[in-house]
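You will see two complexes here that share chain A, one where it goes with chain B and one where it goes with chain C.
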Partner chain A sequence: MIDLIHLYRAQFKTTIAEQFQYRGALVIWLTGLILEPVIFLSVWAAVARSQGGAVDGFTANDFAAYFLLTLIVDHAGFTWIMWEMEYWIRQGNLSPLLVRPVHPIHRHIANNLTFKLLTMVVVIPVVIVLGFVFRPSFTITPATALAFVPAVVLAMALRFAVEWTLASVAFWVTRVNALNQLYYVVFLFLAGMAAPLALLPEPVRILAEWLPFYRMLGFPVEVLLGRLTPQQVAVGFAAQIAWLTVALVLLNVTWARGIRKYSAVGA
Partner chain B sequence: MTYLRLLWIHLRLGILNELQYRTNLVLQLIQSAVGLVTALLGLGIVFSKTDTLGGWLPAEMLAIVGVYTLVSGLTQLVVRPSLQRFMEDIRLGTLDFTLTKPVDAQALVSMRQIEVWKLVDVVVGLVVLGVAVTQLGASIGATEALAFVVALLAGATIIYSFLLILATCAFWWVRLDNILNIFQSMYEAGRWPIGIYPPWLRYVLTFLVPVGFAITVPTEGLVGRLTSPTLVGAIALAIALPLIARAFWKFGVRHYSGASA
Partner chain C sequence: MAESPVTPPRARATREAATDTAIRVRGLRKTYDVPERESGLRASARSLLRRQTKEVVAVSGISFDVAPGEVVGFLGPNGAGKTTTLKMLSGLLYPSAGEATVLGHIPWDREKAYLRQMTLVMGQRNQLVWDIPVADSYELNRAIYRIPEIEYQQTLTELIDLLDLETLLTKPVRNLSLGERMKCELAGALLHRPSVLFLDEPTLGLDVTAQRRIRTFIAEYAARHNATVLLTSHYMADVEALAERVLVIHQGALLFDGALGALVARFSPHKTLTIDLEYPVLDLDRFGEVVAIDDCHAILRVPKTQAAAITARLLAELPIVDLSVTDPPVDEVIDTVFSSGASGADPDQLSEIETALEPISV
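And then the complex of A and B:
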């Protein structure tokens, strides 16, 4: 345990140094991150305006609140492991990581968290500026704020586990780009990124509630905005924990099988 | 002529290379299908709540989806993968091999890598466009068709030049491999008519990242709402930007000193 703490501290330091070295890449990532919620926010704000101010109870300002929070939660949760893993495997860069005495996942977690902490410094002011442009209406109470914390932490853990598992597919298929994009499209829609779940057609909404994606993004946002009943919040937490358990089991299985496969490909 | 033959050779190489990864065809088919379904479902949700989106009717929005998919398929077929490889070549120092070839290096790095399965998107885009045109029916005459083709060619030229400028930046900032991905996320904004965005974003999507010229403008031509100043502007940009890109490219090549040497 102590060793792991040391590892994380060292990794924090190297990542910070690395990221400061590549400030340009950082700025580029942020542009992409910010643009997407702004697109959907603009679309739905236009719809609300053309309907005389509100769609299904969402005004343009409600959409602003929803999508700006989506931006923050998406930023907290996103990973780049699906691209990185493919690169590690294709180029053989995974080998030096495997001979280290700790699981490479720790390195990635540390990298990821450091990157988030660093970039939050930029993301929060950007969200505030966008807030002035789009004028969100928040109704956040202490209770919803309190429930938001575990919801977002679980969402981050769940997304990390799911995406790490999907990234392991690269052990079997050497070019996984198409799969990554497929995942991205599914996520866009079923996570509540393109629209709040309430606006989706009934069957899609039900599907989204059963699948894990909504629990990684839309759920924490709606918890914070107080859009869910206490019962829905409880069900949501249960779903997050259940899916996280499933994802962790899958992660272990695919990883164990994957590295066995890898020695055959990389040598 | 030489360059057409070169493109043909790379196309064949691309096909041969991709035939090793046949799973990718299946994945591409799935991906195109999911992309299309998502776009249509997105339109479906939006139009279940409203009749027009910023003045655009459902059939017109369908035309935007068609143009979006078509242009996206074309750039991802040749330009994007080639430029991506070019940037990796700079990082690894293997660009030296390209520069010493006895053909124009700009042409070579722009067509060297083909993602054959993206042809699926080209076909899907054309089909969607065809359906939209059928729905729009009588409102499309010869003028609209001509405006569309001209605006589309102009848009494609602008996008290529813009991507080349972005990629050329890799001569100075080596770790820019994300930049084309970022372009892709900016490109997503073109799925919707740029008129719905707040003014600052509209300017960004027109002048800073010319997505509007590639998608909204040709579609406006098709549905007969393109004003002649906009068309003239698009044509002017389609002449100016390639020249700027070319000059910038040459400047970049002179700056390049190799990574391995």
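And then the complex of A and C:
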């Protein structure tokens, strides 16, 4: 365990040093990340105003609260492994990682967390500034704040495990971009990225509640905003833990098989 | 990701050193299924339905042993199976058949205890993180291999000294020249003091000075740490300088396993006679093939079996000032062996050669 902490600390330093080499790219990356929820927010706020102030009970200020929090949770949870894994496998860059006495996943977790810590320094002030523009209305109670912490941590873990598993498909499929696109579209609607789940048609909403995507983004946001009943929060945590378990099992199986294939055909 | 308790690397290495084999390979074989289809639209459509594959043998059942501390050169043309063998021994590839143990471990199980004691250097972008100074990459390796601080400082100092790295450590990797990068790669690969080194073309693309530097270093490291080294190279100079023993692999099969000198004796049917004459002689070709002639200096190639007789005749019939009988250069010999078979134009010829070479017991 101490060795792992040591490893993560070394990896943190490396990633920070690396990221500072690419300040320009970092700014562009962040701009895209911030722009997306802001666009959804602007559209929904406009719709709310044109419908006399609210859509299904969501006012423009409610939308502001929802999408600005979505921005933060999405930023905390997103990964780039689905793009990176293909490169690792195709270019043979995975090989040197495999002959080291550490699982490559640690490197990616550490990279991911470091990047988040680094960029949160920019994201939080941006959200505060956007708050002055869009005037979100929300009340955070100690109870919702307390529930939000595990909800967002589980959401991050779940998203990481799911996306790492999907990324492993690159062991079998040469072009994974199509899959990535499909995943993105599904995520956009079923995670609560494009709209709060309450605004979706009933069957889609039910589907979204059963699938894991909503648990990676919309759920923690709604926990913090206090939009859920205690029972819904409890069900949500159970769903997060159940999906995380499934995802971790799948991750281990696909990774082991993928590596086996990689090692069979010519690493 | 549970960390299982493992035998400390050094304790294990010492235990292994007590036995007399560091690497043991028996009947190791690797075949690849390579997709195969004719060109053209129709063939493309057919291959959609049923993929045709062809089995390609990369390594066809080789066996050998390497003792701890031994430096062995692995020779063979491109595609001979050198890299595939190294990849199997370092644990990257599963073999199709056969077995191997390195330091008592089965490599492709990739046990952490094994990975901590070996290193694989393949190409030039393994150890170092492209965008950050070399020293920072080394720090990361220290954490990955859990190298204790004192040992790390010792090793680093030693490597800096041996490879002359002092000025390079603070530079980002992308600003290094090819030779500098290779030196830094090697040092990074050795920070954890591995007792087995698999080096695939460690001097590829380097100038002569850098090549020599790397060679001296590898020899020095192996001697200091009693490390076992298996190295492939295209440059005969590498192998001549480093390895007393060579393995010659061709089309996946082991053709020769022995001392470098014995390789020449075995494979070269010729001897080289270098003579200095008192005055130019014109009809030297009656003694043998004239490789070069320059006034009073000439080089002849003669069949090995007749070398003694021809030497006697030369001395008796010509105004010889000086004469020497030598084996042809090793790379020339190797070249003859491989080019006669590697061109692959005439399979009969190849099998003839292979019969002539009497592949050593496999």
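List of remarks:
The rule is short, and it goes like this: the second predicted complex is superposed on the first by the 263 of 267 C-alpha atoms of A that agree within 3 Å, B and C clash if a C-alpha of one lies under 4 Å from a C-alpha of the other, contacts with A are read in each partner's own complex, and residues count from 1 in each chain.
Basically, a contact is a pair of C-beta atoms (placed from the backbone, for glycine too) under 8 Å apart; a residue touches a chain by one contact, two chains touch by 3 or more.
Treat the numbers as computed from the prediction; the structure is a model and nothing was measured.
In the superposition on chain A, A:Phe189 makes contact with chain B only, while chain C stays out of contact range. Looking at the shared chain after the overlay, A:Arg257 reaches neither chain B nor chain C.
In the superposition on chain A, A:Leu7 makes contact with chain C only, while chain B stays out of contact range. By the document's definition of touching, neither partner reaches A:Arg135: not chain B, not chain C. Using the contact criterion defined above for the overlaid structures, shared-chain residue A:Pro101 touches chain C, although it does not reach chain B. Touched residues of chain A, counted separately for chain B and chain C, are more numerous for B. Within chain A, the residues touching chain B in one complex and chain C in the other are 22.
Per the touch definition, chain C reaches chain A in the complex via residues 1, 3, 32-33, 84, 87, 90-94, 108, 110, 112-113, 115-116, 118-120, 122, 125-127, 129, 131-133, 136-137, 139-140, 142-146, 172.
Residues 21, 23-24, 27-28, 30-31, 34-35, 38, 41-42, 44-46, 48-54, 117, 173, 175-176, 178-179, 181-182, 185-186, 188-189, 191-192, 196-198, 200-201 of chain B are the ones touching chain A in the complex. Listing the residues of chain A that touch chain C in their complex gives 1, 3-4, 6-7, 9-11, 13-14, 17-18, 21-22, 93, 95-96, 98-103, 105-106, 260, 263-267.
On the chain A side of its complex with chain B, the touching residues are 22, 24-25, 28-29, 31-32, 35-36, 38-39, 42-43, 46-47, 50-51, 55-56, 133-134, 173-175, 177-179, 181-182, 185-186, 188-189, 194-195, 199-201, 204.
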